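Here chain A shows up in two complexes: once beside chain B, once beside chain C.
Let's turn to the complex of A and B:
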C-alpha cells in the first residue's frame, strides 16, 4: 500500500478547518479515555482476582483479619500506578477513583452474570468489597497536597484504615452470631456452609482462627493499621511502576 | 461518528469525500464481538451443565472438544492472516506520508486500540473471573473445562489477535512506529500475549496439584505478572497524543481553550 497522498487539505496541513480539528479531538479524547478504562479494568481485575480474589468473592472469607489486610494492599498497586499516570501527565486527580470504579464494574457484572447467573450462588454470598470511598480519599489527598510523597504516607495509611469501616454497613449483618447444632458461628459462615464450594473446607479457608489469637477483640484495627503501613510502601513502588509503564522510549529495530 | 469534508468546494460527488476520522469499523467490530460473546455465553449456560461435567462422556466431546478444535485453528489462521495482510500491504514509502494522511492513520490506530481494549475486558475480566466460579462449583477431570475452552482458548486468542492487529497496523503504516519499535507498544502487546503461553505453566501445575480451591494460589501469579504489562497503555497513549499535538500545532490554542 502506498496511500501516502493528501486529498482535500491545504498542502502540508493536517486539518482542513478548526471545526474539523476540534470535533475530531473531542471525540478521540473520549475514545482514548474509554480505551484506558477498559484496559485498566481488565488488567486490574486479573491482578485483584488472583491476588485477593477469594476474600473478595465470598462472604465467609470476609473476616476481620486476612481480608482487611490483603484486599487494600493488593488494590493499592493499580490505584498508585493510575494516579502516577493521570496526575503526572495530565494533572487529573482521578486515577485512583477511576481504576477502582473500573474494577468494581467488572466485578459486579461477573458476580451477577456468572456467580449468580451461571453457578447460582446468591448475591449476598458473592458481592465484591467496596473500594470507591478509598479511591476518593487517595485522589483528594493527592489533589490537596499535590505531592505523591504525602499521598503515599497520608493517603496510603488512610487507604488501609478506611477499608473495613466503608464495608461495615453491608457486612455487619453477616457478622451476627448464630448457634447451629451447638456450634457458634456467624451468619456469613452459615451462608458459606450452605453453599459448599471447593474453597469451603476449613483447612483451605484463610480466615482468622479462634485459637492462638493474640489481639483478642481488637483484630480489625491492628489488621487495618498493618494494611495501611504496607499500602504506603506499595504506593511508593507502584507510583514508579506507573511512571515506568508511561515510557515513550523507542528501541531500534536491530535491538529487538 | 464521521467527520467528513468535501474534497472540492461546491462539488459533492460520491466517493470524493475526504474523511479524516472514521470509527465506524471499530464500532461494528465491537458490536459483532459483543453479540458473539453474548451468544457464546448462552451456549455455555446451557451446555456447561448439560454436557460439560464429565470429560469422558461422548456429549463432552461433541459440545466442548469439537468447539475447541474448531476455534484454535481459526484463531491461528486469523492471527497469521491479519499479520500477513498488514505486512503485505505495508506502506513502502513511509517517509513520504503527508501530515493529513498520518493523522488519518493515527486515528485508525485508535480504533484498533479500542477494539483491543474491548477484547481485553472480555478476556481478562469477564471470562477469567467466570472461571473462578466454575472451579469452585465443579471438580474438574480435564485441563479443557467448558470455562477454559472459552477463556484460555477463545477470549485470550481473540484479544491477542486484536493486539497483534493494532501493533502491526502501527508498525506498517505510521512513521513514528514504523522506523523504530515503541517499547510501550511492545509491552502492551507482548505482556498480555504472554498470558497465553503461561497457560502451559498453569495447566502443568494443575496436573500435579489441585489448587482451584484458592484462586489466589501462587501457581496463578504468572497471569498477574504478565497482566501488569497492559499498563503500558499509558506509554502508548502518550506517544499517540504527543504526535497528535505535533501534527496540530496550528490549533494548539484552540485545543487548550476547550
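Let's turn to the complex of A and C:
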C-alpha cells in the first residue's frame, strides 16, 4: 500500500496523498459497518423469527419456562458466529452486541411498522425480548479472557442466566392480576385475549408445559440454567460456523 | 491480492456512489412502508375444503347485535354451533378448541367470551354430536368497515370460520380506551399501559449498545484492525487499558440490570404467572331431543347446476305436523320460501332465501315416515366453493335440516353422507 504527499498520483501509485488514503480507509470502514450491520440485521432477524417466533412476538407467550429456555438458545447462534468474525479477524469486542442491537432494531421496525402500524396490535402485546445486556456480557467476557473456550463456558452460562432478569423490568407490570368475568388472568393473558389474533388461538401457547415440577414455583432458575448449558454447546458450534464462513475467498477474483 | 481487492473497492467509493446508494435505500424504504394497507375483505374461509366446513361445525342462529358502532361501543356476537357427529377423520376432534373472532386485526377487541354460562378466555373442550351456545362481547376500536366472523380454532384441525357480517365503526381509534381494574383495586387503560416504559427501557439499552459499538469502531475502525491482526499484532489491539474499559462497562451493565430488576420488584410486589390450562366440562345446550329423525338415503351434486339433491327418510315422532324449512351448512342458509315468507336478517352473501325445495311439500303428519328428495340450489353454493366437494378426498356433505310445525316450533336434524358428483347439467339422481 503506497502513499504520497505529492500533487497528482505518481506513476504506479494509487493514492495522491496519505490523507486521501486514510480518508478512503475511513469511508470504506463506515460503508463496511453499515453493510455488515444490515446483513446481520436481516439474517439474524429471519433466523430469530423462525426459531423464537411467537415466543418473541407476543406478551402472552413469554412464560417462565419455555421462553427463557428457547429464546437465549436460538439467539446464541448468531452471537457466537458474529463474535468469531469480529474477534478473530479484527479483535473487535462488539460481535454479540452488534448482532443483538441489529436484531432489536429490526424487530422494533417490524413491531412498530407492521404489527402496530398495519394491523393495530398495541405495542404492549408485541414488544420484543430484551437481549442487549447479554450481548455486553458475552463480548466483555471474550475481551477479558481472550478465549473462546472460556467465553463458551462462562459467557454461555451467563447468557442464559441473564435473559429473564433483564426482561423482568418490562414484564413485571404485565404480570399483575385482574379478575375478568370471575376468571383470574394476568394482564399479559388479558392483552392476548382482548386483542384478537385470528390466526393465533390460545392453545398454541406453551405456558409452563413440561414435566419438571420438582422446583415448584421456582421455574425460572431451572429454565435459565438449562438454557445457559445449551447455550454453551450452541456457542461451540456457532463459533466454528462463524469461523468457517468468515472468509473472503469467495470474493477473490484473479481478474480484479 | 488482498490489498488489490481493497483498493478496487475503495475506488468505487465515490461521493456520487454513496449518494445513489442512500437514495436507493430511501426509495426502497418508502415503497415498502408508506402505502396504506388495503383492508381485508374476507378471511380465507372459502379456501378451506368444503367437506371440512360442512362436516365439522354447523353454525346456526348467528346474530350480530349491531352492525354500526362508534369507537368504544360494544356489541354482541351470539349463536349456536352443532359439532357434527360425522366429524371427518382427517381433522382432529375438537377436544381443544378456542372461541375466536375472524377480523382484520383487533379492530374490535374481545371483552369477554362465553360458551354456555362459562367464560372462555382460554381453550375449552367440546364433544362431538353436541350443540353449544356462545356469546362474544366485542368493543369497537378502529374506525372503518370490517367483515367480522365467529370462528372456532380446533387444535390440529385449524380455524373453522363461521358466518361473517360487515360491521361499520365510526370515530377515531385515538379515542379508544380499554379500562381494566386490577386485583389490587386500581384501574388502568390496557390500550396504552406500560408502553412508554417499554420504549424507554429498550431504547436505553439500544443507545448503550450503539455507544459501545461506535467506541470500538472509532478506535482504529475495521480495516486497520484487520491489517494488524493479519500482521500478527492482534494482541496489541486489546491491552490492559482496553480490558479495564471492558470491565468497567460490564460492571455498569450488571449494576444497571440489578437496579432495574430490584425497581420492578419494588414497584410490582405482587405478580402472578400467566394463567393457562384446558377448560373442560362445559355443558352443551340443554334441549329436548328432536322429535324428527332423518335418515340419509343417498345424494348427488350436479356441478354445472350448483344443485345438491339428497334423498332422506324423515320420521315425525312429534305431536304436530312438520315441514322442512331450512338447510344450513358451512354458514350458508338455504331457505324454503314456502316456510320463510319474510327474509330473515342475515348476511346476504350467505342467505339463499329461495334455495331449498322439497319433492313433496305437504306436511309430514305426526307418526308418519316419508321419503323426501331435498333440492338445494343456489349460486352461493358455488360462490362459497362448496361445489369443490366434488374434488375433495372425502366427498361427503353435512349440515342441519330444520323442520317447522304450524305453532312455530323448530326441530333440528343432522344430515350427511356421501354424494356423487354429476358433471353434466340436467343429470338425474
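Following the convention adopted for this analysis, the second predicted complex is superposed on the first by the 228 of 256 C-alpha atoms of A that agree within 3 Å, B and C clash if a C-alpha of one lies under 4 Å from a C-alpha of the other, contacts with A are read in each partner's own complex, and residues count from 1 in each chain.
To be clear about the criterion, contacts are C-beta pairs under 8 Å (C-beta built on N, C-alpha and C of every residue); 3 or more make two chains touch, one makes a residue touch a chain.
Model, not experiment: these values are computed from the prediction.
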item: Partner chain in contact with A:42 - chain B first, chain C second, else both or neither; value: first
item: Touching partner for A:183 - first (chain B), second (chain C), both, neither; value: second
item: First (chain B), second (chain C), both or neither touched by A:16; value: first
item: Partner chain in contact with A:73 - chain B first, chain C second, else both or neither; value: neither
item: Partner chain(s) touched by A:138 [first = chain B, second = chain C, both, neither]; value: neither
item: First (chain B), second (chain C), both or neither touched by A:157; value: neither
item: Touching partner for A:25 - first (chain B), second (chain C), both, neither; value: both
item: Contacts of A:57 with chain B and chain C, given as first, second, both or neither; value: first
item: First (chain B), second (chain C), both or neither touched by A:119; value: both
item: Footprint overlap on chain A, comparing chain B with chain C; value: 1, 14, 24-28, 31-32, 89, 113, 117-119, 121, 197-199, 201, 204, 248, 251-252, 256
item: Residue numbers on chain B that touch chain A, as the complex places them; value: 1, 3, 5-8, 18, 20-21, 23, 41, 44-45, 48, 89-94, 96-103, 107, 110-111, 113-114, 116-118, 120-121, 123-126, 128-130, 132-137, 139, 173, 179-184, 186-187, 192, 212-216, 220-221, 223-224, 227-235, 237-242, 244, 247-248, 250-251, 254-255, 258
item: Chain A residues within the chain C interface of the complex; value: 1, 14, 24-29, 31-33, 60, 62-64, 88-94, 97-98, 100-101, 104-105, 108, 113, 117-124, 127-128, 130, 132-133, 135-137, 139-141, 143-144, 146, 162, 165-166, 168-170, 172-191, 193-199, 201-205, 207-208, 217, 219, 248, 251-252, 256
item: Parts of chain A lying in touch with chain B, wherever the complex brings them together; value: 1-9, 12-18, 20-28, 31-32, 34-43, 45-47, 49-54, 57, 78, 81, 85, 89, 106-107, 109-110, 113-115, 117-119, 121, 126, 197-199, 201, 204, 206, 241-242, 245-253, 255-256
item: Sites on chain C touched by chain A in the complex; value: 1-11, 13, 18, 33, 37, 43, 96-98, 100-114, 119, 121-123, 141-142, 151, 153, 155, 159, 173, 178, 180-184, 188, 190-195, 197-199, 201-202, 205-206, 208-210, 212-213, 216-217, 221-226, 228-229, 234, 237-238, 242-243, 246-247, 249-250, 253-254, 256-257, 260-261, 263-265, 267-268, 270-276, 278
